[in-house]
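Naming follows writing order (A, B, C and D), and every chain is counted from residue 1.
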Amino acid sequence: MNPKEIIAKRVAKEFENNQLVNLGIGLPTLTANYIDKDIKVTFQSENGMVGMGKLAVDDEIKTDITNAGGQFVTIGDEGAFFDTSMSFGLIRGGHVDVTVLGALEVDQHGNLANWIVPGKMVPGMGGAMDLVVGAKKVIVAMLHTVKGKSKILKDCVLPLTAKGVVDMIITELAVMEVTKEGLLVKEISESISVKELQDMTDAKLIIPENLVYMKV
Amino acid sequence: MSKVVSLNKVKGLFKDDMTIMIGGFLGCGTGEALIDTLIESGAKNLTIIGNDTSFVDKGIGRLIVNNQVKKVIASHIGTNAETGRLMNEGKLEVELSPQGTLIERVRAGGFGLGGILTPTGVGTLVEENKEKITVEGVEYLLELPLRANIALIKGSVVDDFGNTIYKGTTKNFNPMIAMASDIVIVGSQTLVEAGTLNKDMIMTPGVVVDYIVREGK
Amino acid sequence: MNPKEIIAKRVAKEFENNQLVNLGIGLPTLTANYIDKDIKVTFQSENGMVGMGKLAVDDEIKTDITNAGGQFVTIGDEGAFFDTSMSFGLIRGGHVDVTVLGALEVDQHGNLANWIVPGKMVPGMGGAMDLVVGAKKVIVAMLHTVKGKSKILKDCVLPLTAKGVVDMIITELAVMEVTKEGLLVKEISESISVKELQDMTDAKLIIPENLVYMKV
Amino acid sequence: MSKVVSLNKVKGLFKDDMTIMIGGFLGCGTGEALIDTLIESGAKNLTIIGNDTSFVDKGIGRLIVNNQVKKVIASHIGTNAETGRLMNEGKLEVELSPQGTLIERVRAGGFGLGGILTPTGVGTLVEENKEKITVEGVEYLLELPLRANIALIKGSVVDDFGNTIYKGTTKNFNPMIAMASDIVIVGSQTLVEAGTLNKDMIMTPGVVVDYIVREGK
């Protein structure tokens, strides 16, 4: 299993029945493929629908039904369309149970940086700032390191997307919860030791006695 | 688990001292079966948020007459003499909010806004105890969000996932109230299967609805 | 012609083609009966529609279509239904061209008092405060006096509905515009002299050279 | 006088230095015939308000490529490399607003509010030069209204009074933009007679629409 698959599979276990879920583009979107059959969640697309289904193919395509990436998608029986004002009412108003996003950096205070890449073009925050402020649970799903450097910091260096909003970080190596005391490791990959995990992480990790292995 | 339940089931949700938002404009768009159920529950000391207190024999008006209400937040109470009488006797607290302000406060509560600035009420009694904020030389009142424990919604056509269509002028406060309450109960005039509604007509998506009961016609 | 009929007929002349109009209950509603056939206006009912037609009778009645007084009404081909938030978006956002309301008192500064009757029950402002703040043109339509006392004051005594919002006052005796200098009489009833009009009015009236008779 | 006019007629409305709001999300819900017409008008130094700058060959993106735009107010410009390039060369001013904030600013402009308080952007670059207001211990940004001279709307089904229905995800910014502009032009995908639409589906009432043109499919 490649690292992204591990992350997507583990994130998928976080979803509970009847939740409204918003997935960021890229890796977060992959998590939809691994949700247990018994768990029924509804997906929101912030451009204006709930009940979003898979990408539309062939005669499923309706040019008036797109996702937030501009791709043609389907909509399920439980779905509804609405305008941007309502869509962000759902988001900022706390009606979205879980949002899953990638990050450039996240820190032990739950701060998140994922919208400005230094020296690169600034694409704009789109709906990300509202999503992480509004959703009841914010899960950052990302590789633990980039080019050998930890993406989990004591304090974010890049411009923030939001302050203190991240609830959980899921990487290919660990599942961590943001607590008032700092980053609490809930699960660790069987492939590494606690010391190795800490060595690969800039932020100080809290290791509980009941630490378990990460199952995917 | 289906969201469609009996009126008896939702009766158990009503408790003393709760804040309840109720849709309707002079009773048009109010679920009377839900009002019956709230009366049967006997819940007391309620704070009711709605456009008006309707008439003595209709909608919110019946809760007033039945002495279940401690406080009302509304834009108009003139069609229900009991509201005024209880208020004058000190038995009912009434907070009046301009209609456009009231709906924005409910919307702010449901849409995660900290408040809105409105020109309505500046220079009147409405501005008492409120912060005034000047933007580009114009004075506005800062009006704060409202939320409730339970919302009672009336839907004209509702599917069993809770997606709701409101016909004619029954919309009024219903769609916003459904966004601003912890528990949302929809009284369905007509109940259909999920997937059969026109998805461009749904004003309240089922994802915010907790319970669906059957309203009469 | 009785005084109310005079007022209603004169108010009706203020409407222009394609305007969106909101009429208060009582006398203002009567004005709809006197609009010239060539003038096509759309009526708003703040409980949630534009294109409101006449009261519904017999098999026209649909219990889901009511006006702001709770009566069953019809809706025209140009009409649409919406929720209260949209309705007051139209009102406060300046999309309503004209609103006509009654008043307990109005003064030379354009202040309006029409929601609290002293010693009587306070019914609540309903949508009136938003309407007078938001509508492009606010016309007060009322009898000039009550029990011999002027309702047009130097300064309102009753609690205000809004400050400085009235554009025009139409009574059975005169048509007056609120200007920075004060109340400018535009038209006067043939039945009285300028002196008599001033005697019946608490506020100081500005009488222009080109004063004309009020035609209904 | 009918509101239904030719594209040539509305071309004359576009002037240099105007602020124009344009509906659409990555081009879905943007009237391309109206974009064609705006391009043909040659109007320059425009300020464009919309969700994004789409792609180089679609919607707002085409106006960027055609160098008609002085300033963009949007939530996202990442799908159109030209926007970034012109910005970096100092030829285009870009004001980024979080998507939920942007639509609330447009709504405030159209609904007569002086501003709204949002928690979004607190503690980030977005709060620069903005007033912070604390309500019940929580910090919010005061975000101010946006308005425009002209709104370009795309309607799926439009009647000849201007009543507009939006299908699927073409709604996005269109209904709010139609409320926040002095002149509202609707590009109709399908044009029908007034009175034939389902009045519970109309999101933009014809009373706010000034001109109707025909869009292709």
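Note that contacts are C-beta pairs under 8 Å (C-beta built on N, C-alpha and C of every residue); 3 or more make two chains touch, one makes a residue touch a chain.
Heads up on the chains, UniProt names are A, C = 3-oxoacid CoA-transferase subunit B; B, D = 3-oxoacid CoA-transferase subunit A.
As the structure is a prediction and not an experimental result, all values here were calculated from the model.
The fewest steps needed to get from chain B to chain C, moving only between touching chains, is 1. Taken together, chain A and chain C share the touching chains B, D. Among the other chains, A has the CA centre that is most remote from the centre of chain C. The centroid of the Cα atoms in chain A and the matching centroid in chain B are 34 Å apart. For the pair chain A and chain D, the distance between mean C-alpha positions equals 29 Å.
Here the CA centre of chain B is 32 Å from the CA centre of chain D. Chain contacts: chain D has residues 104, 107, 112-113, 118-119, 166-168, 199-200 touching two or more partner chains. Of all residues in chain C, those that touch two or more other chains are 49, 81-82, 88, 91-92, 133-134. With chains as nodes and touching pairs as edges, the resulting graph is of another kind, matching none of line, ring, star or complete. Every pair of chains that touch is listed here: A-B, A-D, B-C, B-D, C-D.
Across the complex, chain A meets chain B through its residues 20, 42, 44, 49-51, 75-82, 88-95, 133-134. Considering their complex, residues 107, 110-113, 161, 163, 179-180, 193-195, 199-200, 202, 205-208 of chain D touch chain C. Chain D contributes residues 104, 108, 112-119, 133, 135, 138, 140, 142, 144, 165-168, 198-201 to its touches with chain B in the complex. Within the complex formed with chain C, the residues of chain B that make contact are 25-28, 51-52, 74-79, 81, 84, 88, 96, 98-101, 103-104, 107, 118-126, 156, 166-176, 203.
For chain A in complex with chain D, the touching residues are 45-49, 62-66, 68-70, 81-85, 88, 91-92, 111, 116, 121-130, 133-134, 159-164.
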